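What follows is a pair of complexes built around chain A, which joins chain B in one and chain C in the other.
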Partner chain A sequence: MRLERRAHVPLVLVATAPLAAIAVALMLAAGLIAAAGVNPLTAYAEMARAAFGSRGGITELLTRATPLMLTGLAAAVAFRARLWNIGAEGQFFLGALTVAWAGHFLLPGVLGGPMGMAALMVMGMVAGAALLAGPAYLRMRFGVDEVVTTLLLNFVAILFVGLMIEGPLRDPLAFGWPQSVPIDPDYRLPRLVERTRLHAGLLVAIAAAAVVWLVLSRTVFGTEARALGHNATAAGFAGVRLTRTILGVACLSGGLAGLAGAIEVMGVTRAVTTTMSPGFGYAGIVVAMLAALHPAGVVAAAIFVAAVFVGADGMSRATGVPSFIADVIVALSLLTMLVALVFTSHRIRR
Partner chain B sequence: MTEALELLTTASLWASVLRIATPLIFGVLGALICERAGVLNLGIEGIMTMGAMVGWLTVYLGADLWTGLAMAAVAGAALGLLHALLTVPLGLSQHVSGLGITLFGSALAYYLYRLIVEVGQLPPTIARFPRLHIPVLSDLPFIGPVLFQQAAPTYLALAAVVGLAWVLARTPLGLALRMTGENPHAVEAQGLNPIALRIGAVMAGSALMALGGAFLTTVAFNSFFPEMVQGRGWICIALVVFASWRPGKALLGALLFAFFDAYQLRLQTVIDGVPYQLFLMAPYLLSILALVLVARRAEVPAALMAPWRRGER
Partner chain C sequence: MTEVLALRNITRRFGPLLANDDITLTLEQGEILALLGENGAGKTTLMNILFGHYAADSGTVEVFGQPLPPGRPRAAIDAGVGMVHQHFTLAGNLSVLDNVMLGTEPLWRPASHRRAGRARLLALADRFGLPVDPDARVGRLSVGERQRVEILKALYRDARILILDEPTAVLARPEAQKLFETLRGMTEAGLSLIFISHKLTEVMAASDRVAVLRAGRLVAERRTADTSAGELAELMVGRRVTRPRRAPQTPGAPVLVAEGVRLEQDGQTRLHDLSLEVRAGEILAIVGVSGNGQSALGALLTGQTAPAAGRLVLGGRDMTGARVRDFTAAGMGRIPEDRHAEGVVGDLPVWENAVLERLRQTRFSRFGFVRRAAARAHARDLIARFDIRGATPETPTRQLSGGNMQKLILGRTLASGPRFILANQPTRGLDEGAIAAVHADLLAARARGAAILLITEELEEAVALADRLRAIVGGRLSRELGAEDADPRTLGLMMAGVWDTRGAPDAA
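The block that comes next holds the complex of A and B.
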């Protein structure tokens, strides 16, 4: 038995691969739910009910999906060009921190309303982009593997956030856990649905997916980035300026992760804490892979991952299954999706 | 300032260097075996977390400490097998598969832990490996506490360095492993199976990584808690590059890193007015700096991350 690369990948396979992967992941996780002494079918029904069964559940999962869409896009953009940005978590935090600082000290009284919000988002993006530009430059200039540098910078970024919110950006009015100063109420993103947490950031995330799609498929930069991902040497011979393109990809990818942090502060948390992200950056990698690195797929995959997290929280309260089952399901679906991708791009020959 | 220098002469600093280095030594050796055979194993962080959990759990359920280490190694090898199957015969992206293993390993470890210990409960503790007391040697001034009063797994890690260096440099198996990482076609021409060699190497390496994790719960601490690996796995991936894929240099790198870590911990108590986060950042930033310094002349295994299929070039 051997694997043979398909000359043409049928669209049906591309569309069904993530669904098959998710189904297998849910089946595998069922064994773990059973180990907790709960009927897996009951648990999954409870998860679906918690995620989709009420207005509160649906708005909550869309709120959760918003940063995941952006970190998912960040991973998709980078991975397409084979820039292994594993640092979305750190870029998220740096974007969030920048927004808290600018939204409290810098902008109030200078720029108000929508202009101020737009400025904050751009500043969050710049912060995220700057954090990834460093590792991208080190790779092109010195050949330093960006996987390790971006991973290590996550720890540095979160320590830096801790340093700032216990120091210069500390909220003097907050009791208990340290948190940053809040942004000016003027910059809070409007609610999409009253009395829920769902905010206009969702629309920004979906718009970002559309823009990324256009950039990747309709611009010279997008073509160059994809060429780089397929074969960097060949792309170089074809006249793609490697360093410039990689730095461009890094700015786009880091910017998207920074934007995720910016929007989370402006839409949900108002201020920055070191615990504000339940691993949005890392989950973004799963989102991107489930979407087969396609921007439109990222939106759907982010909703799935968010549904697992929101559903598992509700299910955990109802049945007592530890809510870490959500992380297990998400990680398993990444692994099963990888296997599914082999069978979409290859066929088995005897 | 003189206080900061006086710290360097205390035996407790140098004793803790060896203790802090031990999980890194296990981890870096594990990553080194995998990469020498041509497979990058970014599952290390999750494998260490799993090792920490399984080592603790085995002892907590009544087995002795060595059984705990053995079970951790078995769990690590199992996760390694999963990574190997995805990346070697299926030839999937080693980056993404490795990250998947890390996410899966840590999530599974936390889930299984929560099945036993409920939220809000204090982490249950176990009796740790005692410090050894070797007659005469342990009582030597300075050298005694630094070198001869460590817990047994530390000596196991040092033995592993020597053992691995010997296997890689002096045995046919070591030659075959190194060749698999440089040129798998040559391995096949010798009548050996590169796929089997790579799978074996990743399993063995992952078992070592898991021992590093288990050290945390059976020696350094006496309980398991989420996020306890704290990026040690990623540090090990950086240390392998720093060490140019050589066991001896890997030991040196782990000791150097552990020295900075131990020293910054003690400096925090001596130097006032500097936020503690700056000290905690230093080891990560130093790792990045070390990578920049060595990256140009790194002797990367030629077939690292290149999947191999029979009959394909």
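The block that comes next holds the complex of A and C.
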């Protein structure tokens, strides 16, 4: 038996691969659920009910999916150009911290309402972009592996957030909780559905997906970035300026991750804590891979991953299976998706 | 003579394509068999079946009278078949000895028997006349040396039948001649060889017997002594192919001028005080053995590397240190040395590759957005004008054959009507039909008045196309030679660095 590269990859296969991967991941996780003493079908039914069975579940799921869409887009943009940004988590936190600072100290009284919100989002993006621009430049100038630098910068960023919220940005009214000052209520994103957490950030994330799709597939910059990702030598030969293009990709990718942090603060948490992200940055990588790096797929994949997390919480309450099963399912679906991608681009021959 | 290898009634399909159609072929002890055919004739498929990379749909392979199980390279190696691939399968970061020994030792052996391995390698190298340094890092070896390592790797595994896939595709002529002498020596030591080729001259020079494949079928077998290059060409192509030759033409004003250029890469000086001039309507050929600075010259003239000293002028404009985009905008057409690595982005469709160089020009983009309709129309136009077969604008470029990929590159280069064209090894690895097409296109550009610099290792090509020739040796250019004075002896001397009767090239 051997694998042969397919000359032509049918669209049906591209579309069904993530579904097959998710199905296999759920079957594998079923073994663990059974080991926890619960019928997997019951457990999955509980999950589906928790995630999709009520207005509260659906809005909570979409609230969770919002930052995942943005970190997923961050990973997809970077990976398309073969820039391995593993640092969305750190970029998320830096974006969040910048928004908390600016939304409490800098902007109130200067810019209010929608203008202020837009300014905060831009500042969050700039912070995230700045954190990725450094590693991207080092990679192009000196060949420093960006997987290592971006991954390690996550810890630097989170510890920096810790330093700030214990120090200059500490909230004096939080009774000693390690929490930053809150943003001015003026900058809270409007609710989409009353009495739920769902906020207008979802619309921003979906719009971001549309913009990313447009940039990647329709612009000169996107075309050059994709060419660079597939074959940097040929792209350079054709006149694509490699360092400049990669820096552009880094700013877009880091900016999207920073925007995720900004929107999470403005829409949900109001203030920054070191525990505000249950791994949105890392889960973004899974989202991007499940989406085969396609922006529209990212929106769907983010909803799936969010559904697993929200569903697992509900299932855990109903059946007693630990909600860690959500992490297992998400991680397994990344692995099965990687296998599925091999089978979409290759066929088995005997 | 005894038969050491037999392929019987081999048939293999890839989807609708019949790659091998009922092929029966034998190899005798101590013989060199040439497998001749154009690209896509099924040569490599047949050898991959023999070696077990593919399984045949039907038919059998026998080695020394024993049938080989299909689809198992391990079995082929154990039976004494060795294969040297066109694209080497060596690890550049390991030493020669490591590469040769890799995979020959059981994994659970606590320590590698390197001393014995080294002795065996050196003995083989000595016996077959393949000198190598066992401790040299493969990444630092020249292409010819790497090939020797590949051959030694097969011999180390006790190969008695050796298959060489296009062994000279990557070699310059003197290296190729040396290789064939070595191969002859190997048959005298009892090995049997098959080499795959589409070059008539080397088949005539080096083989005992020729099997000609065309469109998946074995169309003829001949004793080399009983045939001629002409007959083989006709058998191979199925019709007569003649390469075009240049017509006399008076050149115009200088278009590209380089003055005293020094170029450095990786801390080494690759081009020394190089000056050249190419005039409108003429072709200047730079011949030479590979690795003498051709790549550096290509990098200089395509804007990939800026010179450390000297000047580069294109059409009266100083282009020293200009960017690639400025080069293309100034009317520079570029045909890269390696079409897969530099020429196209294989995963992108044909239309994106057709416009990638000129994406930022207003014809193909506006306000940063790609004008997709214009780009696709341009690609369709190129496909029609340059006869790029098997391509639509949406086809992933990787699916094109080498010849059609080159036509795409040539098309996008020529379509803009460049006044200077750098053609770096433009026919490397192409079959006769594609070579003729590339030559015709270059000559048409010359007739239109383009100045063309042709960097090539193929002397026939240089002599057929060029008005003037210069050799490159160690990063220096020889004096020029008019095409009418270019006889093989003079060219050979020039390429060896002897270009001035009063002395060798200036010392560094």
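Criterion: the second predicted complex is superposed on the first by the 349 of 350 C-alpha atoms of A that agree within 3 Å, B and C clash if a C-alpha of one lies under 4 Å from a C-alpha of the other, contacts with A are read in each partner's own complex, and residues count from 1 in each chain.
Here is the rule we use: contacts are C-beta pairs under 8 Å (C-beta built on N, C-alpha and C of every residue); 3 or more make two chains touch, one makes a residue touch a chain.
This structure is a prediction, so every number in the text was calculated from the model and none was measured.
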item	value
First (chain B), second (chain C), both or neither touched by A:L163	first
Chain B versus chain C as contact partner of A:V286, first or second or both or neither	first
Touching partner for A:T223 - first (chain B), second (chain C), both, neither	second
Contacts of A:F237 with chain B and chain C, given as first, second, both or neither	second
Between chain B and chain C, more extensive residue contact with chain A	B
Touching both chain B and chain C, residues of chain A	2
List of chain A residues in touch with chain B within their complex	2-3, 32, 35-36, 79, 84, 86, 138, 142-145, 147-149, 151-156, 159-160, 162-163, 166-167, 282, 285-286, 289, 322, 324-325, 327-328, 330-332, 334-335, 338-339, 341-342
Residues of chain C touching chain A in the complex	15, 55, 71, 302-304, 323-325, 327-328, 334, 336, 341-348, 352, 356-357, 359-360, 365, 368-370, 372, 399
Interface residues, chain B side, partner chain A - complex	42, 82, 86, 90-93, 95-97, 99-101, 103-104, 106-108, 110-111, 114-115, 230-231, 234-235, 237-238, 241, 275, 277-278, 280-281, 284-285, 287-288, 291-292, 295-296, 298, 309-310
Partner chain C, residues of chain A touching it in the complex	2, 7, 218-221, 223-224, 226-227, 230-231, 233-241, 350
